[in-house]
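Each of the next two complexes has subunit A plus one other chain: subunit B in the first, subunit C in the second.
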Partner chain A sequence: MPTLVETAPAVSGPSPSMFRKNGAYWFMVLLPAVFLATLYLAPVISVMVRSVTEPVLGLGNYAVILENRAIQNVLGKTFYICTVTTGLTLFFGYITAYAMSQVSPREQRWMFFLVILSFWISVLIRTFAWIAVLQPRGLLNEALIWLGLIDQPLRMVRNDFGVIVGMVHYMLPYAILPLFANMQTIDRSLVPAARALGASARRAFFTVFLPLSLPGLAGAAILVLIFSSGFYITPALLGGGKVVMVAEYISVQMSETLKWGLATSLATCLMLVVLALTIAMSRFMDVGSAGKSG
Partner chain B sequence: MKDALRFQSVTKKYGEFTALDDVSIDIQSGEFMTLLGPSGSGKTTMLMTIGGFVEPSAGQVTLDGTEITHLPPEKRNFGLVFQGYALFPHLTVWENVFYPLRVRGLSKTDAEPKVRDALELIQLSHLAERYPKQLSGGQQQRVALARTLVFSPELLLLDEPLSALDRALRKDLQRELKDLHERVGTTFIYVTHDQEEALSMSDRIAILRDGRIEQLGTPLELYENPATIFVANFLGKSNFLPARVTGGDGSAMTYTVGDSEFQLTRDRVPNLDGEISIALRPERLSLHGATDAAPVNRIPGEITKVSYYGQLYEVIVKTESAGNLMVTANIGDEQPRTGDRVWVGWESDSGMPLAGRPTETDDAYAG
Partner chain C sequence: MSAARERVADIMQTDLNRPKIEMTRIVAWMTVCFLVVPILVVLPVSFTSKRYLSWPGSEWSLRHYEVLVGEGGWLNSIGDSLIVGTAAALLALTMGTLFAVGHWRLNNGVTRNLRLLLLLPMIVPPIVHAVAFYQAWAVIDLLDTYPGLILVHTMKALPFVVLSVSASLINLDPKLEQASRSLGATSRETLWFVLLPQVRPGMLAGAIFAFITSWDEIIVAIFITSREVYTLPKRIWDGIFDNVDPAIASLGTVMIVLTTIGLLLKERYEKAQKTKTGAV
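Then we have the complex of A and B:
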């Protein structure tokens, strides 16, 4: 079949003209590059510079972070809330993603829709909705009292509980989607195979499915950790000033006490942590996509 | 021989759809039984019912007299080899083969000799430390076999295990599987839609269609004495002569195709009348240039197509009364040419009378 042989090289790769580096090509690359540099990179560098120049040149601000008790408390609280949020988000996200990976395509589409739906509602509205549900005279407390389960309303806002509820709710889709994507790559015959080889349903899950979903779990964990470390609105509103996390603390230093040096150095620290986590995540994601193990 | 596994009127319904329709079968211990059928015929449902993954809506499954209808898969001690091998990608070859022993509570040291034997059986001991991804398709399939044979299952269930492999490799593994079956002596229940595979490997074949067993028998029985047009069509190639019964008794029959009358003498001739089909295998037909050399059963026609297949020709002869007939002729016979006027002949002991005429559903999966 000579015709096939003749046309083969033409279809085997993209046309070279696509990569010809002419004026239009560079313009297309340059435009977003300039955009990113002026609106993103420059402010970030400015923040980093301020952290070592305000109020005086030196690492004084970082020394304060290491010594100041109040800041330590804020960092500790942030770490605690983030860890608990991540743990709970992964737990509920894993269950949801697992269910989604097992149901029929039709049910799967509905579940997907419901998960994505929460993206449509702004975090501000969701946070106020949670206040309405959780406050002392809110939906949940009234319902519990009406059912006779409690006499006094439970304190569910202006404390860690409220903040964690709001954050877990916000973060769930960010855990469910990568977990689900990872579970989709797991061969569906593996668990039945394990059972045919003599493993109980529980054993098959823990020895086969769970280990294979670890890359997804690690990726989701880091993603949730990164997002939750920078949470601002939810802890500020649901914490009601009692639960102060680092983002809110930075904002207060920036706009109220005007300690810009301290604010920018904290922001730099936060950025470095997120950067480290991102690098870690990219490694986990690589492992996931290559399907390597051991 | 004792019965290893028995299906008694097993039915499986998914809503309105009946995947298995009142299926009864006895599978004997040590037998190589093939479930053959087109996709959607219920063969995989049947295998999964045996494996314990599908619970029948009605009927009973017994193993050696004990009912196992509702027993979960892990309690059955059956080996199941999946189409995609289903090797655990996070475990090495050794760990994969160790897995069924591990869930049975054996330590690594206790399991070592068994795993080693299983890997030797499939000649892959040198790849024990590799991960499945690092193996070829054929090697993965052999590891899957070792993993199921290592715990000495009572039955080995194979769900189209070779369908993902290319043709040459498939031939090799067919031989290997058959050889393995003889060495280990375990009952093999093999699902395939490949009729050649079924014919060459099986002790017995059950041909499934629309959730029912259409016919059950040895490959030879099914090939030589198909019970229905569907079987004759699905297993090998057949010509179907549109015939009408004109007379006969238990061992002989006369029938007409068009205006000519033909003879059939067999050990037993099914009691049919009216419009029937005579199934004739292409290799049972012969080509003749002159009337006197041809057998008594003969139809004139013209060669419209000649295909060359190495050791034989496949010739299409257009006839007036029987349509196009496919004839295979050996190399060394006089070379057939397109346009030749010939006689297509067959002996009176050839041809299988079958009820009815081929319909589209009979034809849909042919070949």
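Then we have the complex of A and C:
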């Protein structure tokens, strides 16, 4: 078939002649890349470098991370909070996304709108709202006392409970939105087909729908893990110094005890874990679809 | 055969009204309420007449809104956030669009790897950014300066611009550009009349994302700014730490109202776009 225009060697590697021909495009690509390499990559790499050079050259900081009891406790706490947060977020996120994919378009629009609304409200405002609700003289305690259900205010902040509530609240949209997008791609007649062939509703769901939605579930799980492992705001504000996760611990080392070697080596570990999770996630979903994309 | 199909259609109909669905629907709505209701409590709380965070009761007052426009520095912080956000959004928009168009046209192994580099700031945890920029900006004397914070926010916003502009290019055939050139258009005319109209929606979305990324950014700001640059999130952060200032409730109310309006406008815009393309 004759074409009007010559076909470009679009997907081959760069060659000198191609560079000359596409010089302007190479400039467009390289300008932001060089900008990021000097002002972003260099500072991030220097974090890794400092982790093996301060206070002395070697892997001493990493040995401290493996041995020190206090750090072990922080890492254990981080792991525990992240696991519980991810579990709860996925459970409720999955049910919400599933219901959203089943209800009428009108109801679906409402649910979607409210999820997106909470998603766009600043995390600081949301955490502030949770403090107003959960603190000892907060709205929930006052309401429960007024109703006569309790005499003494319940402790709901400055402990694991408050941190987990705040984090699940932050993470839910990050699970609901990709799960919902994934469920939209599942053929809607498959479950009724299984039912028509004699499967119970439960069986049709667990043997047909759930396996088809597993890639979306895995992607959402890793996305939530990535965000919660480095989370700072909610643990710092709702944990009130009692629940210290790794990000807050790093900040204390950096700004109060000035142990830069420890801060940078923990930051390096955190970064490597997150990068590994991202690579795992890229097998299940387009990494580009993460982030605030609603 | 047709009986089986009828059966499927029948079950598809009745399944929607089954108790199983009702149960998941109830849990789903409870989850949605869990997401929205706690946020909405800042609305009544913002009208309290007391100095501390409390339910307004019978006396409603606007005193915490007066604080926002008064001498407390909230307006200065809004100004700082607007300056930093606008500058960062414009820089990110320029560089992100350049990259997205260049990558779309070249699309080879090198640019695909560079794309991963540009998406990196979206994935690396913010606390790592804080450590990195705190020590790097100390070296080149950018701590607590507008350029210092603007540069960080530009880099954090770049991925969102690249993604949204790339998304608007995804269905555009690179040969379109060659077609335009072979029909006699100069490269500048091609850029202006062929490419730009295609990427404009992506650029707009990217710019909004970029601005909001900066407007909400707190963790790096805590570490690399102190007095000279005092953005809104940092003032909120300090306000929560100091005394759970009810002025934050009034600010939150304003932000919730603005977000709702913004989302409604977006929905209306998208509906208009849909009917426009549907009509063609």
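Criterion: the second predicted complex is superposed on the first by the 264 of 294 C-alpha atoms of A that agree within 3 Å, B and C clash if a C-alpha of one lies under 4 Å from a C-alpha of the other, contacts with A are read in each partner's own complex, and residues count from 1 in each chain.
Going forward, contacts are C-beta pairs under 8 Å (C-beta built on N, C-alpha and C of every residue); 3 or more make two chains touch, one makes a residue touch a chain.
As the structure is a computational prediction, the values presented were derived from the model and not from experiment.
Undergrad: Return first, second, both or neither, reflecting whether A:His169 touches subunit B, subunit C, both chains, or no partner chain.
TA: Once the two structures are laid over each other on A, A:His169 reaches subunit C alone.
Undergrad: Pick one for A:Leu212: touches subunit B only (first), subunit C only (second), both, or neither.
TA: first
Undergrad: With the two structures laid over each other on chain A, which partner does A:Asn159 touch: subunit B (first), subunit C (second), both, or neither?
TA: After superposing on A, A:Asn159 lies clear of both subunit B and subunit C.
Undergrad: Subunit B or subunit C: which reaches more residues on subunit A?
TA: C
Undergrad: Determine, under the contact definition given at the top, whether A:Arg203 touches first (subunit B), second (subunit C), both, or neither.
TA: The first partner, subunit B, only.
Undergrad: With both complexes superposed on chain A, which partner does A:Gln108 reach: first (subunit B), second (subunit C), both or neither?
TA: After superposing on A, A:Gln108 lies clear of both subunit B and subunit C.
Undergrad: What is the contact status of A:Pro192 with respect to subunit B (first) and subunit C (second): first, second, both, or neither?
TA: Both partners, subunit B and subunit C.
Undergrad: Touch test for A:Ile233: subunit B only (first), subunit C only (second), both, or neither?
TA: A:Ile233: touches subunit C, not subunit B.
Undergrad: Between subunit B and subunit C, whom does A:Thr53 touch in the aligned arrangement: first, second, both, or neither?
TA: neither
Undergrad: Do subunit B and subunit C touch any of the same residues on subunit A, and if so, which?
TA: Overlap of subunit B and subunit C footprints on subunit A: residues 189, 192-193, 195-196, 201, 291-293.
Undergrad: Of all residues in subunit B, which touch subunit A in the complex?
TA: Subunit B residues touching subunit A: 51-53, 72-74, 77-80, 82-84, 86, 88-92, 99-100, 102-104, 131, 133, 147-148, 151, 157.
Undergrad: Enumerate the contact residues on subunit A facing subunit B in the complex.
TA: Subunit A reaches subunit B through residues 187, 189-190, 192-201, 203-204, 207-208, 211-212, 291-294.
Undergrad: Considering only the defined contacts, which subunit C positions touch subunit A in the complex?
TA: Against subunit A, subunit C makes touches at 4, 7-9, 11-12, 15-16, 18, 20-21, 24-25, 27-29, 31-32, 34-36, 38-39, 41-42, 45, 53-55, 95-96, 98-99, 101-103, 105-111, 114, 117-136, 151, 155, 158-160, 163, 166, 174-175, 178-179, 181-182, 187, 209, 212-213, 215-216, 218-219, 222-223, 233, 236-237, 240-241, 244, 248-249, 251-252, 255-256, 259-260, 262-263, 267.
Undergrad: Which positions of subunit A touch subunit C when the two form their complex?
TA: For this pair, the touching residues of subunit A are 4-8, 10-14, 22, 24-33, 35-37, 39-44, 46-47, 50, 92-93, 95-96, 98-100, 102-103, 111, 113-118, 120-133, 135, 137-139, 142, 169, 172-173, 188-189, 191-193, 195-196, 201-202, 226, 229-230, 232-233, 237, 247, 250-251, 254-255, 260, 263-264, 267, 270-271, 274-275, 278, 287-288, 290-293.
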